[in-house]
Structure formats: structure tokens, C-alpha cells
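These notes are about the structure you will find just below.
Every chain is named by a letter (A, B, C and D) in the order it is written, and numbering of its residues begins at 1.
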Amino acid sequence: MTGLDDLRAQVCALHSELTRWDLVAWTSGNVSVRVPGTDRMLIKASGVSYDALAPEHMVECDLHGRPVHDGGPNPSSDTAAHAYVYRALPEVGGVVHTHSPYATAWAARGEPIPCAVTAMADEFGGDIPLGPFARIGDDSIGRGIVATLEGHRSPAVLMDRHGVFTIGATPQDAVKAAVMCEDVARTLHLARQSGPLERLPQDDIDALHDRYRNVYGQK
Amino acid sequence: MTGLDDLRAQVCALHSELTRWDLVAWTSGNVSVRVPGTDRMLIKASGVSYDALAPEHMVECDLHGRPVHDGGPNPSSDTAAHAYVYRALPEVGGVVHTHSPYATAWAARGEPIPCAVTAMADEFGGDIPLGPFARIGDDSIGRGIVATLEGHRSPAVLMDRHGVFTIGATPQDAVKAAVMCEDVARTLHLARQSGPLERLPQDDIDALHDRYRNVYGQK
Amino acid sequence: MTGLDDLRAQVCALHSELTRWDLVAWTSGNVSVRVPGTDRMLIKASGVSYDALAPEHMVECDLHGRPVHDGGPNPSSDTAAHAYVYRALPEVGGVVHTHSPYATAWAARGEPIPCAVTAMADEFGGDIPLGPFARIGDDSIGRGIVATLEGHRSPAVLMDRHGVFTIGATPQDAVKAAVMCEDVARTLHLARQSGPLERLPQDDIDALHDRYRNVYGQK
Amino acid sequence: MTGLDDLRAQVCALHSELTRWDLVAWTSGNVSVRVPGTDRMLIKASGVSYDALAPEHMVECDLHGRPVHDGGPNPSSDTAAHAYVYRALPEVGGVVHTHSPYATAWAARGEPIPCAVTAMADEFGGDIPLGPFARIGDDSIGRGIVATLEGHRSPAVLMDRHGVFTIGATPQDAVKAAVMCEDVARTLHLARQSGPLERLPQDDIDALHDRYRNVYGQK
């Protein structure tokens, strides 16, 4: 149980990265984690402010998004989407959802973000793709996320007229992808205001992405 | 009287959300609350900086905007507008006014914000409407707010070439509406810089709004 | 001498408003005050970071911008412009200079800011005017500021391809004008990105400005 | 060795200016310093978050970018570019690299920033030039930086579809150049959204830059 308590504390703390990097307004983003070696996940409670967020607001659910314990807080209204991703993609250990403004502006137009700067090749290995429009309430959003990400290297997907979902081997990786997604969405939004964007050549994208995955960071 | 003191402290503290979410410059926004079960309201004193704001700067007024006690600070110059809303709409318990920059940019053009992303359907249930141009100093602004909101689900209205007013069952709800109004105003401003916006289909808006009101958050 | 020490502390502290409202980068803005009843002023030392700023960095100068005491820090390279304003306009007690980004964007195009929202009528009583291009190093900037402001109600002037100068009866007033100048510069920049701006009718501007000067704030 | 420890602490602390002035997202920028009187440099470790950054994460390398000590953290993946600059330009004591959003937006379009406001003439003495597109992994980026800066007064260069490199006699100077580069990139981006930019006359640029280098700041 100590392991679960640690995980609760970690996922709770990661929400402060969403406010710090200006990815969320009020209570509009959430982080989840797969509980390793189980069919469970932890996800933010619905509608709780980031200031008030405590480890006990990380709701334990099964991978259909149903709370495991009675009487606790309601999980995020995005729980079904997170749960679908964990069911479909066993290598995913963390999922993040935001309406970060620049990325959601691309989503509002139904437009993917072209891979036009080296930082984007590094982190995303190509374009950040666009997923379908889907109503909340069943598996539509989760299916759209998975179907879109399966065709791309990108750990981020823009859901049409909705916002951003990112995945990672860990919730820290998914948070990093959400931060970098907003950063490149902003840079390329600004760039395009004064002229067309040119996608990097594919062989440069491939070389940069390969190097980033294998050389960057600490062992 | 303890109840009134608590209310003063709550409304005072809510002003920190206006600065935190970058909705105000210098002293340009204010929050008020209806004193439950009375014909009174509390509203920020005029021209007091947010740093210096203390519970005693929440001025008790009647619902015509007249201070109840002699010799205290002057209430906000927007008091008449807040008071009109409380007189006309008995279900309203809190009102917020800001000149938040993206929302006020839409207001400066005299343009409502179209409901083009799911977060906007959730919180506003449709477009954020435009109210009339009205000079400060009598009931014109209050009448314009009420007449405009009565035809919409939105708790936010853009007053032409002026700024934003939001309402709620509580002042917390009105502050949330002000934060979300600026958030969607920004996202859709950014989206439109590179292409036209498409309103969501009405049945999607209806379904999202209904779900949000009935499923989101804690019981 | 205690009075002068208090003034030093006040002007030093006001520089924190420049960073707080994002009006300055690195060391690029400054506040000055006329020492009441004398031909002296206090102004920020040149090139000192805002973090390191202490009251002793407020350099006492005569109204030709010459330091009164030998061996102290150099005053701001904008000192001549501040000094000219104090010589020419006896009612001015404080001057602020910034390169705040949205206002300087209007200045970079050589364009005044039209009075198109009520907050601008309140604070500026009309357009924020454009002053001439002038090189630093003599009285050209000061003369340009004074000649431009004399024809307007505005306490702010955009100096062509340079930045913003604001004046006030006190340095607090001049800082407020600098904050509000950037706020309306941003709102109207954003507004114009999606359509033309319409100036408010002159009688509305006159009525709003008159009311703001006579009703707003505390006695 | 105390000298080296001081240098580690200084360079570590300078990274907080990158976050403070919003020049970086997650771990995407770095500062280095030449160790005076040696063929060594100190540079940030790869992929370490700014919150966790401590002096021991400043990796000592030779001027080909190879770590001097075994078993320590990996240096930044940009180390080869920094090292090339120190080899080629003996007067350089500090180098900074960022993907700051407005400057990188100009870089993403492959466009230099024209010298159109006085602050830019002061700090950069002319346009901020554009360097070539170059893949990470060998000396291409370093060569591109040096070849571009040699033809300009500017301490900043935009690397095509990549980001910003700045140089200085000290790392503090290079950080200042990075902050000012983003500031003018933003101001001129905003200015151009509503009209064309006009470069300042060359004699004004020359006069402003000369004055700034010789009069500004403390002795």
C-alpha cells in the first residue's frame, strides 16, 4: 500500500506542472497513472481546484474507469478516455489531458501541427496529429486517441475542437509531452502569423528524433 | 454578524483569483456577493489595489447600490450594474466584472464569441453573447446585462466596447465563469488568426452542456 | 533628510510594479520623482537589475539631469528626458519610462492608440498620442514628450520607434498610467487582429473621462 | 578549486533567469561559461529540470565538448555547439541557447529580425541575423553560429528552424542578450501584425549603439 500512496503523491504533485506551464484554467486538466502490475489507474477527482488538490483526490479506478472504492470522490469526467488508452496501449504508464490555449487553437481549426522546428522533430518525431471530433460519455474519445496515435510517433494528439491528450511510459513523460506540445504549438502559431510554415525534410526529422531518443538526457 | 464577516473575507479572497488568472490590470475588476436572505450586497471599494485589499474594503450596499453605513469607503464605480443584476435576477448570488484582455478584445469589436470548442459548450452552453454599449452612471449597464443574459444559457456577457460581466449562484461560480470566459476568448482568438471558426452543431452543444451540468464535479 | 529617504524607498519600491505587470525586460524601464519643493529629482541608477535595486540606487539629480553628489552611481541614460519634463511641466511629480511590448509595438509602427474602449476613455480621456522619433543624448526626447502631451489629456505618450513615457501628479499615478497604457495597447492590438477598430463617440469619451476623474476611487 | 566552485554556482544560478523571463520550456535551454585561463568550459547537464539544478550539474568539459571527469552526468546535447564557439572566438566567456518562442518563431520562418526600435539598436547594433539550418551531432551548428556572428555586431543569432544562440564576454552578458533578443522579437512580431516594419536609418543605429556601449550602465 505504501507504493500506492507514493504513486498518489506523485500524480497529485504533477498537476502543479500543468498550472506552472500555463496549460490549464481553473480545473480543466488532469493527469493519470497506471498502477504498475495491476488493472487499476489513479486519476484526479472531478472539479477539484489545483490549490486544494491532495493525494486523496487521486481516485483509484479500474481500466473501465469505474471507481474501485465506494464513497470516495468522483473521478474526472475524462476518466473513460484515460482508461481506454490504458486498455489499448499496454506500454503507456501515464496520460495527460489539457485544453492548453495554443494547442487547442490548432484543434479548434481541426488542423495538425506540422513538424517545422528541430525541437518538434526531437520530441514528437513528426507532426502532432489531429484526432476525430468525439462526444464525451462513452469510449469515442479514447478510441479516437488510440486510433490516431497508432499511426504516428507523436506522444501527443489534438482532439478536434476539444484539446490535447498526451501519453508516456510514465506520467512524468506524458506531462513533458503536454508542456512541449503547447510550446511548439505556440512557436509555430506565432511563426505562421507572418508567413507560411515549411515542414522539415523527412530525413532530418528521422535523424533528429533518433538522436534525441538515444543520446539526450542521463542514462 | 459572524456570517457577514465570513462573507466579507470570502469575497475579498476571491479577488486574488482575478490577478492570478490575469483578468485585471491595476484595480480594474471587482467581485460582489448578495447577502443571503437580505436586500443587501457586498462589493469591492473603488480604486483599492488588490495587494491592499482587506475584508473591510467590501462595502455593504442596498440593492440600489447605496452604501448602508456612512463614513465607510466608496463602493466600486460599477456598483449600480451589480445591484441591478441582483434586483432583476433573484437566483444570482454573485457577480464579477473584468476587462480581461482577450474577452475585451471581442467586446471592442462588438462581436460575440461563437461556441466552437467543447469546453465552451460545457461551461457556457452556447455563444457568449454581446450586450449593448451603455454609459456608466445609471441603470443602463445593468439593464443591458440582464436583457442579454435572459436570452442565453451563458453566465457571461461581453458589454460592447467595455468588458465582461459574469453571474453565478455563488460568487465562486461567477469567478469561475470569468476565468473560463477569458480562456475560451483566448483560444478562439488564436484559432481564428489562421482560419475561420466553425460553430459546434447544436445537438452536440446541448448534449455537452447537459452532461456538464449534471455529471461534472462532486455531489 | 528623512523625507528624502522615504522618497528614495518609495520610488525604489515602485519599480517592482514594472516587473509585476510585465512592462520591462532586464533593466529597461525606470521611475523618477520630483523632490517636492526643490529643483531636484530622484531616478533609478543606470543598468542596475530590479532584483538588486535598493533605495541608494535612486540617484539625486538637478533638473538638468546632473547628479548632485559626486562618486555615486550613474543615473539612468533616460535622465535627461525625465528632467526636461519636470522643468517644462511644474504639475508633474512623477515620470515613468518603459518599452512595454504591446505599447511599443504601436510605437514601432508610428501609430497612436485610438480610444476604442471605455477603460481608455476613463484613464486617458482620448487617444494615446504618438511623439516624434528622437535620438537619446540631448533634450530631443524630453521636448518631444512635452510637445505631444500638451495637446492631449493622456498621461501617456508613445515615442516613435522607442517606447512609452507616462507622467502623473505622483510617481504612483505615472506607474498606474504605464500599467493601463500597456493593458489597453494589448486589448486593442488583439481586437484589431480580427477587424477594424471604431473610436468611441467624442461625447461618450468626454462623459466617461469627466466621471472617472471626479467620481472614481476614494476621497 | 574554489574559483571553479564559484563559477559552477554562478552558471547554475543563471539558469533561473531563463525560466524567469519565459525563455524555456521544460529543460530546453542552457548556459555555459569558459573557465578563465584554461581550455575548459562548464555547461548544464542534459535533461535535468531547472528546479532540480544544482552546481554539481554544471559539467566540466574540454573545448571539444568532452567531459573532463568520468562518471559524472552527461553534458547538454548542445555542448558541441558551445565548445566550437569558445574555440573560434577567444573573446567569448559565456554562451546561452534557448528556443524562446517569439525569437524561434522568426527562426522557424528563416527570417532575421530587422532593427526597427531603438532598444534593438542599443543592444544589438543592427539586425539579429539568421544562421544556417544545421543538424545536431557535429560542428555544423557551431560553425554556423560563428560564421554568422562574425559579419554582425549582434551577440544573438537565430539558427534556422531551430532557436537562439547568444554570446557575451561573460555568461551574464550572454543571458542578457537572450532576454533582450526575445523582448525585441516579441515587440517586432506584434508590430508587424498590423503593418510593415521600417528599419531605423543606419546613422541612428550607429549613434545609438555607440552611445549604449560607452555611456550606459555603471563604470
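Just so it is clear, a contact is a pair of C-beta atoms (placed from the backbone, for glycine too) under 8 Å apart; a residue touches a chain by one contact, two chains touch by 3 or more.
Note that the structure is predicted; figures quoted are calculated from it, not measured.
S.K.: Taking each chain's centre as the mean of its CA atoms, which one is most distant from chain B?
M.R.: D
S.K.: Can we say the copies chain A and chain D touch using the same residue numbers, with more than half in common, or are the two sides different?
M.R.: Homomeric contact, different residues on each side for the most part.
S.K.: Go ahead and align chain B to its copy chain C using Cα positions, then give the rotation in degrees, nearest 5.
M.R.: To bring chain B onto chain C, one rotates by 90 degrees.
S.K.: What's the distance between the Cα centroids of chain C and chain D, rounded to whole Å?
M.R.: For chain C versus chain D, the centre distance works out to 31 Å.
S.K.: Using mean C-alpha positions as chain centres, tell me how far chain B is from chain D in Å, no decimals.
M.R.: So the centroids are 44 Å from each other.
S.K.: On chain B, where are the residues touching two or more other chains?
M.R.: Residues 193.
S.K.: Going by the touch rule stated at the top, which chains touch which?
M.R.: Applying the touch criterion to every chain pair yields A-B, A-D, B-C, C-D.
S.K.: Could you please specify the touching residues of chain D with respect to chain A in the complex?
M.R.: 25-26, 28, 45-48, 73-74, 77, 99, 101-102, 104-111, 133, 135-137, 161-163, 189, 192-193
S.K.: Using the touch definition up top, name the residues of chain D that touch chain C in the complex.
M.R.: Contacts found on chain D: 21, 116-119, 176, 179-180, 182-183, 186-188, 190-191, 193-195, 197-198, 200, 204, 207-208, 211-212, 215-219.
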